[in-house]
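Multiple structures follow.
You will see two complexes here that share chain A, one where it goes with chain B and one where it goes with chain C.
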Partner chain A sequence: MKNNADSEFRSEIVKNRRNFLKKLAVFAGSSGVLASMPWWSPLRAEPPGSSALDRVRLGIIGVGSRGRKLMLHLMETPGVEVAAVCDDYEPHYNRALDLTDGKAKAFKDYRKLLEMNDLDGVVIATPLFEHARMCIDSLDAGKHVFCEKSLAYDFAECANVVKAYRKSGKVFQIGYQRLYSIPFLKAKGYVDSGTIGKITQIRAYWHRNNDWRRSIPRPELEKKINWRLYRKYSCGLMTELASHHLQVVNWVLNAHPISVVGYGSINHWKDGRELYDSVNVVYKYPEGVNVIYDSMISNRRYGFEIQIMGSEGTIEGEKGKIYSEHPPTPPAIVQLINELERDILDSVPIGGPSWAPDLELDYKGKLLAPGWSGEETAIQLTAFAAAIRESRPIPGMMKHAYDGGVAALMGQFAMEQGREITWPQVEGLQI
Partner chain B sequence: MKDLNIVIKGRRIKLEITIIAFCLLFALLVNLYAIVRFDSPWSEIVTSLHYVVAVGVFTYLVIGLLRFILQLIKLLLNRVKKPSSE
Partner chain C sequence: MDVFHHGFYGMGTRFELIIPGIDFVEEQSLSESVERLVLGLETKLSRFDSASAISEINRRAFHEPIPLDEELWEIFSLCSEYHQKTKGAFDIAILPLINLWKKALQGESYSEPPNEKITSVLEQCGMRHLELDFTGRTLRFHHPSVEIDFGGIGKGFAVQKTLDYLQREGIESAFISFGESSVSVVGDHPTGKPWPVGIEHFFDRGRSVHDFSMTDASLSTSGNALVKSSLNETPHGHVISPFTGYPIGGYRILSVVSESPIEAEALSTALLVTDLVDRDKLISSWFRGKALEIEFTLENRQHFENIWTYNYEK
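Presenting the complex of A and B:
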C-alpha cells in the first residue's frame, strides 16, 4: 500500500510538471521550433484540465525495465491515466499492477487489452520482434500508438507499420527522445544556419562495459529475459542503441542513408549469445558525407557521443556542446599567464613531436542549452498525450521512425551478410 | 573570556594601501605589456580589468607571504640574539 508521503510527493511532481508544461507550451509555440521540429506542435496546447474529457486513457504493453519507466512517467503526466497494463511475464505483470494500486486492468495477452473500448492509446515497450505485430494490431483496433525504438525487425515489417498507420489516421509516436531534446534542437539550428559550415562527416559511438544481461530466475527464461542477445528477437546493438544516433543523423542531414558496409563480431562476451558485442559500420549519405558508427560492450572509456563535424565547427550532441574551428583567443593577460605557467611547470622537450599541431584542440567549447536538465522522455510522452487529445497525428514522426529503424537494420544486415546494403526501395510507400 | 585588542596604527594602513596600489599598478603594466606582446586589441585595458584586479591581489598576497617570512626570520634572529646579551 502507498503511504501519504508517496502521494504528496507525486502530487508535488504533478504540480511542478504542470508549471513545466505551461512554459513548454510557450516555447513550442514559437515559429522557429515548429519550423524545424513540427512534432513539437501538440505541445502548444495548454496543460489539460482535470475533467474526464481531458483525460487520456492509456494501456502499457510490456512493463519490463523500459516499460516500467515509461509507466512511471505517464503516471506523473497531467491528464493521463494508466488504465491498463499487459505483460506475459508474471513478475512484471504483478509489479505493474502494484504500481497502479490495482486500479488498472491487467492482461497477459495484448489482444485482450486492445478489446477495451474506453482505451485511447497504447504504449508498446516489448522486444523488437513484437513491435510490428503489436503496432499494426493496435492501429487496426483504432488505438493511438507510442512504440519504443526501433520500429521493427525487418524492412517489410517497417513498411507494414507505415501502411497500417496511414490507413488508421491515428497518432503514432516512436521512442526517439532526442527529438524532444533542447540541446539537439539547438544543434539542428546551428547546422541549418551554417554556423559549423558544411557537414563533412558524422561520427557516433556507444560504448559500455557490461555483458548486457539480466539475471534469470530459471534457465528456460534465458531468451525471454535476455532477448537482446538473440537474433530471433532483436538486432542487438544496432536496433537497441545505434538507432538513436542514426535518427539524429537522418534529422541533421535531412536525408536517409544511401548504403552501408560494416563488420561485427562477438569478441569479448563469448557466453552463447548470437548478436555482436562489437559493431563497426560506415554509412554513405548524399553529398559525400560518411557516417561512422561503432558500439561495443567491453570498454566504456569514451561512453557515448555523436560528433557532427563541419568545416567551421563541431557539435557534440550528447555533451550538448558546440566547438568552433577557430576558438576565440583568450585576453592577452591570460595568454601571458598561461605562457608563464607552461614555462615553469612543463618539462623541457629535447625535440617536440612533429604531430603536435594535430593533437586535439584544447578548447572547452560552449554549451548548446545551458541549464538543460534532460526532460526528453517527459516531454515526448506529454506530446503523445496532447496529440491524442487533439486527435491529430504528429507531423514528421513516422518518417523519423521509419528512416531510423531502417537505417539501424541496414547496418545489422551489412555486417551479417558481409556486403554493402543499400536503402530499400518500397514501391508506393508513402511515409 | 579575555578580550583581545588588536590596534592597527594609521601608519600601517597607509603602508598596506601603498603596497596594494603598487601591486595593482604592476598588474596594469603587465596587462599593457601582454596586449603589445600578443597584438591584442587595446580595449582589453578595460575588458580585462577583472584579470588585472585578480593579478594585483595575487601579487599583494605573494608579497604579504614574503613579508611574513621576513618578519618571522627577524623575530627568530632577535630571540637568538637576546640570550647572548643577558
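Presenting the complex of A and C:
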C-alpha cells in the first residue's frame, strides 16, 4: 500500500496538471492550431471536474515498460481512472496491480477485461502482432481505443482496424506523440507558411547503441520478452522507431509515400535475432520529394533526428530548431548586387558598427518552442480522455495511424523482399 | 553582368561575398572554401566555444606557457605589434573590464560600477600581463584574471585570410562585407573605377554620410552607438577605454581605411578610445591610409553630424 505522503504528492501533480490543462485549452482553441492540427480539438474542453460523471474509466492492456509508463501518466491525468489492468506475464500483472493499490481489476486475458460494462476505453501497449486483434475486439466491444504505435503487423490488418473503427463510431488514438508536440506544431506551421521554402528532401534517422534485448528469467520466455527481435511478432526498427518519423513526414508533406526501396541487415548483433539491426530505406513521395531513413543499434553518435530541408531553410524536429539558409542580406548589399548587374557605379552605404542577429539563437538555429519541456505524452492522453468524455472521434487521427503504420511496413517489406514496394491500394477503404 | 553572392553566418554576424562576372560553377566551390575558412577560424578564435584554442589558452595560460601554432602566433604577434604602435589603445586583454560594464548596464538595474571596482579590474587586465616568448613561440599570462577576446581583430584576420585565398584563386574583383563593420574590396569596381564605399548614417538609414573610394583596400568601422538589427533594439558595441576603464561617450563611429583589414580593424577601435588631440601624434609616422570619425547628435528630432577626417595616404 502507498503511504499518505505519496497520495498527497500525486494529488499535487493532478492539481498542477489541471492548471496546465487550462492553459492548454486556450491554446488548443486558437484557430491556427485547429486548422492544421484538428486532433487537438478535444483539448479545447475545460479540464474535467472531480465528480464521478466526469471520470473516464480505462483499462490498460499490456503493462510492460511502455504500458506501465502510459499507466503512470494516466494516473496523473485529471478525470481518468485506471479501472482495470491486463497482462499475461505474471511479473507485469503483479506490478500493475500493485501500482493501483489493488484498486483496479486485474486480468490475464484481455477478452475478460473487455467484458467489463463500466469500462469506457482501453489503452493497448502490447507487441505489434497483437495490435490489430486487440483493437478490433475492443472496438467491437464498444470500447474507445488508444493503441501504441505502430498500427498493425501487415497491410490487411491495418485496413481491418480502420474498418472496425468506422463501424464502431468510437474514439481511436494512436501513440504518435509528436502530433501533440509544440515544437512539431511550430515546425508544421513554418513549413506551411513557406518560411523554409519548398521542401525538397527529408532525412531522418534513429541510432542507438545497445542490443535491444531484455534479460529473461527463463530461456523459454525469450520470444515473449524479446518479441522485438523476432519476425513473427514485430517488424523491428521500422515499426518500433521509424514509424514515429514517418508519421511526421506524412504530416509535413500532407501525403503518404508512393513507394519505397531499401536494404537491411543484421551486421552487429548476431545473437540469433531475426530482425535487422541496421535499416536503410528511401521513400518516394509526391512532387519528387525523397525521404531517406536509416536506423541502427550499433552506434549512437548521431542520435535521432528528422531534418526537413527546404530551399530557404532547415528544420530539425527533434532538436526543435529552425535554420535559415542565409542570414538576412543587408540592404546595401542588395543595392550593390542590383547596380552591379546593371553596370551602375554608385555609393554603397554599408559601413557601420557590427551587425548582430536579433537573437544569438538565430545564428546557430532558432528554437521552435523555447521552454518546451516535452509534455506530449501527457497532452496526448488528455486528448484521448477528453474525446471519450465528448464521445466524439478525434479528427484526422486514424489517417495518421493508418498512413504511418503502412509506411513503416512498406519499408520492412521492401528490405525483406529486395524490391520496390508501392502504396497498397485497398478498395473501398474509407479512412 | 552575372553577379555571384554568397552570405553565411560567422563569428556572431554575417559574412557577405560578392564576385562580379565569373563562372557560376567556379564560384560555388570558391564560396564554400571561403565559408570553411572563416568558420574554421571561428572555431579556433571564438571564446564562446569552450573547445576553441582561445578558450584553452584562457583556461591554462596563467598556469603554464602555451605553445602557439603558426596561425595563433601570427595573430598574437599582430596584436602585440598594434598594442605597441597605438601605445596601449588597442588591447585584446580587457575582457574582465568589458564584462564588468556589460553586467552593470544589462537588465533593469542600469547603474555604473563603482569607481574603485573599475580601477581594480583595470589593474587586473590588459596586454601588459601577456608574455609572448619569441623563441619558443609560447604565450603566458601573468595575472589569473586575464582573458583574451579577439572581438576587436578576429573579423579583420578572417578577411585577410579570405583576401589571400581569393588572390591565389586569381579573383580580380570582389566585395566582402563581414558584419558591415569590416568591408574589403579586391581590385576595382567592374566599371574600372574604385569602389565607392559609404558610411551609413546612424539615424537616417540607407544614406551615406561619407564615401571612400577604394581599390584593394579595407574599411573597418567601430562604434559605441546602439545598433538596431531590427525592430528589437539590441544594445551592442559599448567601447571601453583601456586607459580610463570607462566607456567612451556620445554616439560615435570611427572608420579606418587601410591596405590591411587587420590594421583597419585594430586602428578603428584604438583611435576611438584615443583623445582627439593625441591621434595625429600616435599614427602619423607609420599609418598610411584614411580615418574618419563621425559624432551623431539628436536634438529636437533633428540629427547633426560632426565629422573629423584624417588623411595619411602615401
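Definition applied: the second predicted complex is superposed on the first by the 395 of 431 C-alpha atoms of A that agree within 3 Å, B and C clash if a C-alpha of one lies under 4 Å from a C-alpha of the other, contacts with A are read in each partner's own complex, and residues count from 1 in each chain.
In this section, a contact is a pair of C-beta atoms (placed from the backbone, for glycine too) under 8 Å apart; a residue touches a chain by one contact, two chains touch by 3 or more.
Computed from a prediction, not measured in an experiment: that's the story for all the values here.
Student: Once the shared chain is lined up, is A:Leu345 touching chain B (first), chain C (second), both, or neither of them?
Tutor: second
Student: Once the shared chain is lined up, is A:Glu46 touching chain B (first), chain C (second), both, or neither of them?
Tutor: neither
Student: Is A:Leu336 in contact with chain B, with chain C, with both, or with neither (first, second, both, neither)?
Tutor: both
Student: Considering only touches as defined above, state whether A:Glu427 meets chain B (first), chain C (second), both or neither.
Tutor: neither
Student: Is chain A touched at more residues by chain B or by chain C?
Tutor: C
Student: For A:Asp118, using the defined touch cut-off, is the partner it touches chain B, chain C, both, or neither? Pick first, second, both or neither.
Tutor: neither
Student: In the superposed arrangement, which partner chain does A:Pro327 touch: chain B (first), chain C (second), both, or neither?
Tutor: Touch status of A:Pro327: second partner only.
Student: Of the residues on chain A, which ones does chain B touch that chain C also touches?
Tutor: 329, 331-333, 336-337
Student: Show which residues of chain A lie in contact with chain B when the two form their complex.
Tutor: 329, 331-337
Student: Sort out for me which residues of chain C touch chain A in the complex.
Tutor: Listed in rising order, the residues are 1-3, 5, 7-9, 12-14, 16, 18, 20, 155, 175, 177, 179-181, 183, 189-191, 193, 195-202, 205-208, 211-212, 219, 221-225, 227, 229-230, 232, 234, 236-237, 253, 255.
Student: Note which residues of chain A are touching chain C in the complex, please.
Tutor: 326-333, 336-337, 340-341, 343, 345-358, 360, 363-364
Student: Would you mind writing out the residues of chain B in touch with chain A in their complex?
Tutor: Against chain A, chain B makes touches at 30-31, 33-35, 37-38, 40, 44, 47-48, 51-52, 55.
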